[in-house]
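Labels for the chains are A, B, C, D and E, by order of writing; each one numbers its residues from 1.
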Amino acid sequence: MRRKPSGHSIGTLLAFTLVVLLVLPLVALLLSAGTASLSAGLSDPLFGPALALSLRTTALALVAIVVLGTPLAWWLSRSSTRGRMLVEALVELPIVMPPAVLGVALLQAFGRDGVFSPVVGDLGGIPFTETAVVIAQVVVAAPFYVQGAANAFREVDSSMMGVARSLGSSPARAFLRVAVPAALPGLCVAASLAWARALGEFGATLLFAGNLSGETQTLPLAIYTALQADVKLAVVFSLALAGLGGFLLLLLRVLPRKVRGIQ
Amino acid sequence: MRRKPSGHSIGTLLAFTLVVLLVLPLVALLLSAGTASLSAGLSDPLFGPALALSLRTTALALVAIVVLGTPLAWWLSRSSTRGRMLVEALVELPIVMPPAVLGVALLQAFGRDGVFSPVVGDLGGIPFTETAVVIAQVVVAAPFYVQGAANAFREVDSSMMGVARSLGSSPARAFLRVAVPAALPGLCVAASLAWARALGEFGATLLFAGNLSGETQTLPLAIYTALQADVKLAVVFSLALAGLGGFLLLLLRVLPRKVRGIQ
Amino acid sequence: MIWTVELRAKLGDFGLDVSLESEAPTLALVGPNGSGKSSIVRMIAGALSPVAGELQVAGEVLFSSRAGLNVAMERRRLGYMPQGFSLFPHLNVLDNVAYGLREKPSGLSRREAREFAKQALRRVDSEGLAERAPETLSGGEQQRVALARALAVSPRALLLDEPLSALDMTARHSVRQTLARHLASTGLPTMMVTHDVRDVAALGAECWVLENGRVVQKGSLGELRARPSNAFVEDFLAAGEGMD
Amino acid sequence: MIWTVELRAKLGDFGLDVSLESEAPTLALVGPNGSGKSSIVRMIAGALSPVAGELQVAGEVLFSSRAGLNVAMERRRLGYMPQGFSLFPHLNVLDNVAYGLREKPSGLSRREAREFAKQALRRVDSEGLAERAPETLSGGEQQRVALARALAVSPRALLLDEPLSALDMTARHSVRQTLARHLASTGLPTMMVTHDVRDVAALGAECWVLENGRVVQKGSLGELRARPSNAFVEDFLAAGEGMD
Amino acid sequence: GNPRGGAQPVVVFAAASLMEAFSGLEQAYEERFSDRDVRLSFAGSHVLRMQVEQGARVDLLATADLRHLDSLQARGLASPPVPFAVNRLAVVVNEEGLEHIQNLEDLLNLDRIVLGSAEVPVGQYARQMLSLCGDELASGVMGRVVSFEDSARLVRAKVELGEAQAAVIYQSDLVGSRGIRGIRIPEHCRVSPVYGISLAQTARTEAAEDFLELLRSDVGLEILRGHGFEEVP
């Protein structure tokens, strides 16, 4: 006498499987590290500067992504021209590229011998600098923000925007006073995805910005460098990154609720 | 007599800047390759098998992600318990980790010396197989789908779901007949992001699945291999990947419109 | 008893506390804005859960906090039309109306369901809208479609939340008559929320007058007229009696 | 002329073709569902663009295809209340009503705007809702808030799309009277869509009767009564005259 | 897919710097044993070691640093390493660097130098070489480093692309490079890394040993020389 499994229990099973699959590797990492190596790892001289650099550059990258990406997302959400879908696919393209190749591409665009260096003047100073780190993160992570934000904006009722305009708001003010706050939860999720992606970014940074402790060595680069010599150390760094990331991601979810004010 | 720049023109400028920043590297890549090397590269013996493997594995990964991720996303969108935000942050965590570290974590979870091998028995057969490629892609890309889909589901009106139930649909059927189609455009965008991420996945695959031509060497790994020997070849592969990715991304945007039937 | 409605619930600061029974097949919930009419209908439909109480419609227990019973929405078999219409945005008008016909207990094929749905649309004078997307409909057109969708299934009872409020006068009159005939011929128990005394009159409904989450009066139009319990009832009745 | 409305537009299969002028400060757009009332209001508000035509309200040209003119919505300064309410979900009721007061030309501070908004809420008997989130409001409560929001700014004219349809009878009567007094004292040009002849009567409005995108009759209630042009007008007028 | 029918392939994990040389060997091997298939997987030496530790089914493992092989042997996962080739370190400059440089000391005229990181063989050997040349040069060069890359090929790419003016890489990396030139290194500071290969515990011995044999035959040596490696003395 077996009961037919309900849709609900199948769904729960599927969802649970995915959570386990995503969490298991991290648990394995945690178990393999052990607490002794944890404290030893965090006092490694590579760790502090890399952490500081990662926090600073991802913060800058996030600001750049939000400032540049929000108008683009809004346009994508409102436009119904043919061009829109093309731009949307173009903007998503960097996700498809392996980050290391994006790094090569960035070198070829903004490097000393880059194809655009004759056009855009002497941009040769960018590679091997903190600016390069930020640019690499922006290019890698912005597509996630733009797509997520465009999706959030699509749900903003245009009749509501009409009312805001009618009540005296210019398009820009209606955007800031109505569209952005109404879409805020979705924008925050998109921003947190992009920020997480920037925090984990490795390949493009390595190629475009190089790997110099205290200058361009972000936490993922430090992890990779450590990985060559001492897996344990790399694991400890990674756990620190995960802990930090998890904390900030949680914060980014709780914050918008508080901001909105309405319970 | 300078006019104050309008919000609209500032927004256009910002959006345009981002599009240029994202597209420029790809253009640079294209310019640096030249058409001669393009055709030479595409006939390289590494290319065909890697392309086939990439298409096959990302298709499988996408199916797995959508099947496992959709119920989870629905739960995340409906639940208002404390636990929800925790699960949401947990599920997002793999994005923060550099993929190479995720590869190490996967080895430590499913490898011969993995922490769980005593518990789960002999899973030693997974690493360095096509299955491992798919698992690496799922772990790396699923978070993007889950978050995007949860966002799309959040916009599904619960009063509408109530009407569907009242008209005789079980929760599972209401989910399939109303929630999924109503959220379809958002789900497709989320799926396309995840698919793009899986297609570009490199670090976790290299560690967890290895780099065996014809077996576990996906296109990004072939690109990495080529990058060691001949940057030009790597660029050509990357352009092929970008072209393929762009085409499929465009398809994933156009398709749901057709499916929905209503213009 | 056809209707046993005993509900206690709390929505923010708003408290609902109702306990009534009735043998009348057709009920009209009337009362000022925010008095709790929609909340009652949503609880009977199952879209909202009361804290405690007992709900029975046409002999079936739908909810009972004493017995720990809460029948799933889809098994209540009620033709529920919410105040906000809630049309399915991804289906055209015909498929919106056909939606419930494809589920149990009807379980029709796609073609049959659409055939039936066409008839339901005809009843609200809207066959012409069949192929339209919901977002292109005018307010009154949306309301007609939502009504047709609730009527199309074969429910155990109807729950209609202000079903005629956006209709023009001609349509309101004709739909009201159609509804009255339909209810008279099928004897389908119906609960309708309305601000229009003419609806109550046409359907010969028993009125439950709500105020601030409590029923303050119950009775036929005649009984209300004989002894209106408050100013609202007076206004409500007066509205049908000519220009003010 | 207070109103010059000359519009040609196409929405799917629906064609709108209207060309009328009027010196009456208060207009009532009446007509069957789907006859184009909301579309006209949306075009005057600027939420929808006509293919061609000319719009003037109170001496200001808002749109003219001949002159290639299309005044931006925010510079039309109209108190626009759409049929679907469209409250801002992220603002509480008070801030919804205060929204327009913080923009030009009012440009009040946050505190002043809220003070004003409270007064506007009082006019629709809803001060008690000030701190509530829009999604927790009942249908009628939402409608009152939307009306208060449109009245709070100092517009050049009012555009109200079925502003009283979800109100209970008591509130409908009192808000209608408040509105009539307000319009009489300010002389504010007002266009109102309604299915209720009592609204027309209370405001002393001139009726424009629409059918299928065209105006088929124009005149005061008395003129309509004297020579109703079609069955709809008869039904519309009859609705005010007692039970049917 | 396995283009050569039923026979199990010989799986060879090799350091990235061996890529061209081992691809040549694969071809030679498959010509000699037409019914056999060689599968190559290239990555950094440490990645390869970790993969073997985690149970990768592999026949042969070749790295640029005997340490990794020694530690695998100690765990019983591989046979004792066999040295099969010697590489040399090379200091390379691109055209821009060439304008300022005649000999090794002139490295101090430059301002953008790239080295391997201290964790990877090419970086360790480079540090060894610099300290042999004298502390002054070593500290001067270290102060001019703009990036520590994680593989020799990445180091090379930075010079080829013009981002760096000079770098220390392997002699073998100069073969097939573009627009870069090696400069003479004084005898006393030469460093000669030894490449080793081990049979893995999981090896199918016969086919794998045939590969080893080929590698150490004259044919193998010829191929290795062609890609800039030298014979083990």
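Here, a residue touches a chain if its C-beta (ideal position, glycine included) is under 8 Å from a C-beta of that chain, and two chains touch if they have at least 3 such contacts.
It should be emphasised that the depicted structure is a prediction, and the values quoted were computed from it without experimental measurement.
Chemist: Among the other chains, which touch subunit B and subunit C together?
Modeler: Output, common partners of subunit B and subunit C: nil, no chain qualifies.
Chemist: What is the shortest path, in steps, from subunit A to subunit B when you may only step between chains that touch?
Modeler: 1
Chemist: Centre to centre, using CA atoms, which chain is the farthest one from subunit C?
Modeler: The chain lying farthest from subunit C is E.
Chemist: Find the geometric centre of each of subunit B and subunit E from their Cα atoms only, then give the gap between the two centres in Å, rounded to an integer.
Modeler: The separation of the two C-alpha centroids amounts to 34 Å.
Chemist: With chain centres taken as the means of their Cα atoms, state the distance from subunit C to subunit D in Å.
Modeler: Once rounded, the distance between the two centres reads 28 Å.
Chemist: If you average the CA atoms of subunit A and of subunit E, how many Å lie between those two points?
Modeler: Those two chain centres are 35 Å apart.
Chemist: Quick one: subunit A and subunit C, Cα centre-to-centre, how many Å?
Modeler: 48
Chemist: So which stretches of subunit B touch two or more other chains?
Modeler: 104, 108, 114, 170, 173, 227, 231, in rising order.
Chemist: Return the residues of subunit E touching two or more other chains; collapse runs of consecutive numbers into ranges.
Modeler: 50, 157, 161
Chemist: If I count partner chains per residue in subunit C, which residues reach a count of at least 2?
Modeler: 84
Chemist: Write out all the pairs of touching chains, ordered by chain label.
Modeler: By the stated definition, chains touch in these pairs: A-B, A-D, A-E, B-C, B-E, C-D.
Chemist: Can you name the residues of subunit B that touch subunit E in the complex?
Modeler: Residues 49, 104, 107-108, 111-114, 124, 127-128, 206-207, 210-217, 225, 227-231.
Chemist: For a test of understanding, state which residues of subunit B touch subunit A in their complex under the given definition.
Modeler: Per the stated touch rule, the residues are 6-8, 10-12, 14-15, 17-19, 21-29, 31-32, 67-72, 74-75, 85-102, 104-106, 108-109, 114-116, 135, 138-139, 142-144, 146-148, 150-152, 154-155, 170-173, 175, 185-186, 189-190, 192-193, 196-197, 199-203, 220, 223-224, 227, 231, 234-235, 238, 241-242, 244-246, 249-250, 253-254.
Chemist: For subunit C, which residues are in contact with subunit B within the complex?
Modeler: By the definition above, subunit C touches subunit B via 42, 45-47, 72-74, 76-80, 82, 84, 86-92, 99-100, 103-106, 133, 149, 153.
Chemist: Quick check: in the complex, which residue numbers of subunit E touch subunit A?
Modeler: Within the complex, subunit E touches subunit A at residues 44, 46, 50, 112, 114, 117-120, 145-150, 154, 157-158, 161-163.
Chemist: Spell out the part of subunit C that touches subunit D in their complex, as residue ranges.
Modeler: Per the touch definition, subunit C meets subunit D at residues 11-12, 31-35, 38, 83-84, 132, 136-141, 144, 162, 165-173, 195, 197-198, 201-202, 231-232, 235-236, 238-244.
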